[in-house]
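In the two complexes that follow, chain A is the common piece, with chain B as its partner first and chain C second.
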Partner chain A sequence: MMDGQRTPFQAYRYLLPALVLEVGFVFAPLALSLYYSVHRVRYYQLGDFNGLQNYIDILSHRLFLNSFLVTCSFSLMALTLTFATGFGLALFLNRDTAGSILLRTVVLLPYVIAMLVGSMLLKWIFSTDAGLVPLAAAWFDVASPTVLADPEYAMAAMVANGIWRDSAFAMVMLLAGLRSIPPNLIQAARIDGAGSYMIFRRIILPLLRPAILITLIRLLLHFANVLTFPLILTGGGPNNATDTLALRIFRIGFEDFDLGKANAMAIVLCLFNIAAVVLLLAVFRKTRGGQSL
Partner chain B sequence: MIFESHSGLLRRLLRGLLSVIIVVAALFPIFWGLMTSLKPTRDIVQFPPSLLPATVTFEHYVTIFKAGAFGFLLNSLLVSAGTVVICLGIGALAAYGLARFEFPGKRAVMVAIIAVMSIPVASLLIPTYTLIAEIGLVNTHIGLILVYSAYQLPIVIWILAAYYQSLPIELEWSAMMDGYSRLQALWKVVLPLSRPGLIAAGLFVVVFAWNDFVVAVTLLSSEETRTLPIGIYNFLGFYGREWGPLLAASMVSTIPLLVVFVILQRYFMAGMTNGSVKG
Partner chain C sequence: MIQDSGASIAFRGIGKRYGETVALADLDLTIQPGEFVSLLGPSGSGKTTTLNILAGLISADNGSIMIGDTDVTHLSPDRRGIAMVFQNYALYPHMTIAENLAFPLQARGHDLSKQAIAAKVKDVAETLGIGHLLARYPKEISGGQQQRVALGRAMVRDPKVFLLDEPLSNLDARLRLKMRRDLKALHQRLRSTIVYVTHDQSEAMSLSDRIAIYQGGRLQQFGAPADIYRKPVNAFVANFMGEREMNNLSGTVVQVGDGLVFRSDGLNLALPAPLNDWARFQGRAVTLGIRPQGVKIGERTDAVQCEAVLRQVEHAGTEQFYYAQAGGIELSGAAAADAVLAIEDRVRLSLLTRELYLFDTASGAALVQGGDLAA
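And now, the complex of A and B:
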């Protein structure tokens, strides 16, 4: 602290390697991406300046609107259900008994293993070959669906993949928030005669707002950019029903080899992320005036 | 009183039931994948499916190791180790700069750290590929390690800076009065005391580097450089619906990680919330 006054820029000697790495491999790529997005690129060869043609092409492509809608509906469903599951888990496991500690670790396992592996394991469960879906259908006496070949079931499977993997993330973030609430506040309310529901709504929820907001933002960004789930679990199908924006970019870049359009789309996705976060913040602010939060 | 103990019992029963449901939901896919990987090929698709293998076989594991899984495993180890070394080395310095100095631009640096932590990797893939291709590091481990380090450094810095701040600054002062330079004080006093923070940060980096699929599939193209997840992805194209080798490869990726994680999980949870990691 004291050295700060003497040589104000001394700290940068410590920060320099990190800054170089971040500028080199996070910010420079974004800048280069902007440059590529306004050029014609075929098979990785940078061509002429192209203006906004790449943007016009991708936005007017017949699959763009589909990917946009798929991404929105997947994000919304996965966000809501994952958050709800994670919140439930956090409330259920917010105690330090041996059982709760063990359960928290168990819930984290799907989050810790590779996304690719998790999606592969679920692909195997949902596949007709495994025999689990026909077995379950026989139990409930309904016709056995081919889950990954039906547009609606495939989307549901992808949402299930999200809940299975990412509820743990929401749980840990919200648990940390719950831990930061002073216990004597809740005791005092209880002495004053407040019931569990009242305590939850008037004390826990308001104090949890920052943790809730961070959890929602990180989950939303994660889901809106999801690539591994559709790439492994559904392949984007059937009939493009799970073709997310990130998957579309991946395909334009590495199957059509068009880095100009792919970079333009990556920029669009970044803008989409910013818009999504801004929208979420606006919704969150609105609820402040209301009774619910 | 009777009513109360009744409802207490009911509560306990409900808790138990819910716990069982949670365990099954979380673990069944992993368990079922492991069991399937141990079944002979003809038993894998039998209907109705059996939960446990009637005969245990390691044939699928032999298949994938013959198909080069050992090389992929080594590549994954190399890349993960390289990324941890770079991240902890550079991160320990940068976190010290943030934790112990006031300087112009500090706020901007903090905001940038949070921004990079929030940028989803998928939206950076094409730009990163473009840059890495431009500087000729495509299909090299060093390129992959540098990109992984850039993605994981922010969280490492965040965890370590919070940890340093929880240490009494007087220790460094007295070390410096004994003639240590700042860097020596960092190396000989601060870092040894920061072990829990270093473990948490390192665990994060390992989990990311070991598991990453999307960055590696973008940057690596040849058989020799492939990491384990890319190996599995290519098996998916190669074996198609032959689930035995696919799930065996998945287990080879999962089991070492789960062992490390279960041993060190409390550090991981503390790191996830970016709070200080108390030893």
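And now, the complex of A and C:
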């Protein structure tokens, strides 16, 4: 029998479509970005090679540190609160009653609304002239806060935007994880005498580790790189209080038309992402017991 | 040292339905302390529902359950003094074998010291011959070893009652036989009450003190294996017990001249004189049943005789099974392994009267059990 013969060439042929996509949409843009980041690029005109000058310029800019800190604090707050909300919802809605199914759909709605539309919706809610916040404040007879004009409120509004939209994502990921835990294990633990807390601590949480890790990484990358929230909701203000790295990249690239510097900053952000993921993985690896993740 | 450490179990009018479907209908069942009882039946017959209600994993719609002197009907699983082994073992995959075994001891506020738990775990592991596996994870050991760990996790708390849900069904045939013996030996040593769910009649027969056999959510019969095999209360039980189904011939008993004849599809069987009291079944649709082991080749006394042609022969090691055409009916019978059986041979078959069963065709109820009239 001559069939079933496999050559290395055949293996590459099967891999080819995936490799083309990976190269076309990940490696090529990254390489291009690296290339631009060490050149002068003004108004889409590729200029001379200028080494690390773009990097030096952006890192020494007076607003860089601010953006870095804003990105860190936004990511951390949004990540923590979104994950906690999503986890709570997943645990609460991990049943197949009619109410749970309905509520899951309701929770998912913000996630299926386009991010742009959702952020504009929140902007309207927070707006001083015609929003819901002044209306609600009037109803309770308290002074209406000017949400988007106050540095701390503005940051809170952005975090709220993240929670409102992305808890649904966390919920779906964690629900899938919860569903993959065999019900027999929970039953066995109940018969073994474990209470709800012990079942959660010793059975559910450890078995949910892969789902938790993936959810955290996806959320972290999403928040660290999110452009729509600050661009639509706050415009980076007031007084640069919500000026994230992603927003600065956008501004430098498409408002100042300095694509060299914008790409240098994008590379910096990419390194920042990698560092954050490595940190998360390290934390997870430290606490694992007998699991591959 | 033999001590009676089991508890009695009593189901009183336990019922469970899911919408229109009756999962379990009015179960009354009393299990003695230290008894090994199998719940036997096809899938969907109510045996697993019975076990889950006993474990407290699902609640009954009506009725009550006693374990020992305690009414456990409304108690949560952990307060019933039971331990359970699941079909797929339900070992905690992220814990080592030692951690799996220790889990029940850490769970219920036993106030045991770490040393006491470790000692108990080691003790149980040694008993089951898995002492060398304590540091491994469940996925790193074989199916048979996982099975032992599951048993050990149940044993570690010294429960009064063990519930076993088809614990051997995931093992290969040889290992299953070995684990059967080990289970029986374990029961003889522990003397705990064991409730064992299975759909395998030979497993139930070889392990149990008594068997509860189910069909369609109803308990059909509860008794010692030999009694159930010998005196089945109805056609379902008769056909479910035993490696092979009975021969089932539907027909009627009619008077012909001086004697009685069982008239079936294209086959008339003259009934010998000892069966004269079968006259009472005249005019009733009945089913004549006989196990292959009761059908012999050649003339025998105390037997119903007929002519037949051999159609098929199967070797089964210690014996042979054959299928023979008698009139419009196919009969299966057993013969010694060394008997010379040739296909298309004409033979005289003897259906031994002490192996004959008669069932009411409509209800399935046994009228004659092994030659004797049913009580």
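The working rule: the second predicted complex is superposed on the first by the 257 of 293 C-alpha atoms of A that agree within 3 Å, B and C clash if a C-alpha of one lies under 4 Å from a C-alpha of the other, contacts with A are read in each partner's own complex, and residues count from 1 in each chain.
The rule is short, and it goes like this: a contact is a pair of C-beta atoms (placed from the backbone, for glycine too) under 8 Å apart; a residue touches a chain by one contact, two chains touch by 3 or more.
Because the structure is predicted, anything quoted here is derived from the model rather than measured.
On the superposed chain A, the positions of chain B and chain C stay apart, so the two partners fit side by side.
By the touch criterion defined above, A:Leu21 reaches chain B but does not reach chain C.
Touch criterion met: A:Leu121 reaches chain B, while chain C stays clear of it. Contact with neither chain B nor chain C is seen for A:Arg95 once the two complexes are overlaid on the shared chain.
After overlaying the two complexes on the shared chain, residue contacts for A:Ala189 are found with chain C alone; chain B is out of touch. Of the two partner chains, chain C is the only one that A:Arg202 touches; chain B does not reach it.
For chain A, the partner touching the most residues, choosing from chain B and chain C, is B.
After overlaying the two complexes on the shared chain, residue contacts for A:Val226 are found with chain B alone; chain C is out of touch.
By the document's definition of touching, of the two partners only chain B reaches A:Asn263; chain C does not.
Shortest separation of chain B and chain C in the overlay equals 9 Å (C-alpha atoms, whole Å).
Within chain A, not a single residue is touched by chain B in the first complex and by chain C in the second. Partner chain A is touched in their complex by these residues of chain B: 15, 18-19, 22-23, 25-27, 29-30, 32-33, 36, 44-49, 90-91, 93-94, 96-98, 100-104, 106, 109, 112, 116, 118-131, 133-134, 146-147, 149-151, 153-154, 157, 169, 182, 207, 210-214, 218, 229, 232-233, 236, 241, 243, 246-247, 250, 253-254, 257-258, 261-262, 265, 268-269, 272-273, 275. Against chain A, in their complex, chain C makes its touches with residues 55-57, 76-78, 82-84, 86, 88, 90, 92-96, 103-104, 106-108, 137, 153, 157. Note for the complex: chain A touches chain C at residues 182, 184-185, 187-195, 198, 202-203, 206-207, 289-291.
Only residues 1, 3-4, 8-15, 17-19, 21-22, 24-26, 28-30, 32-33, 36, 44, 89, 92, 99, 103-110, 112-118, 120-122, 124-125, 127, 129-132, 134-135, 164, 169, 172-173, 175-176, 217-218, 221-222, 224-228, 232, 246, 249-250, 253-254, 259, 262-263, 265-266, 269-270, 273 of chain A touch chain B when the two sit together in their complex.
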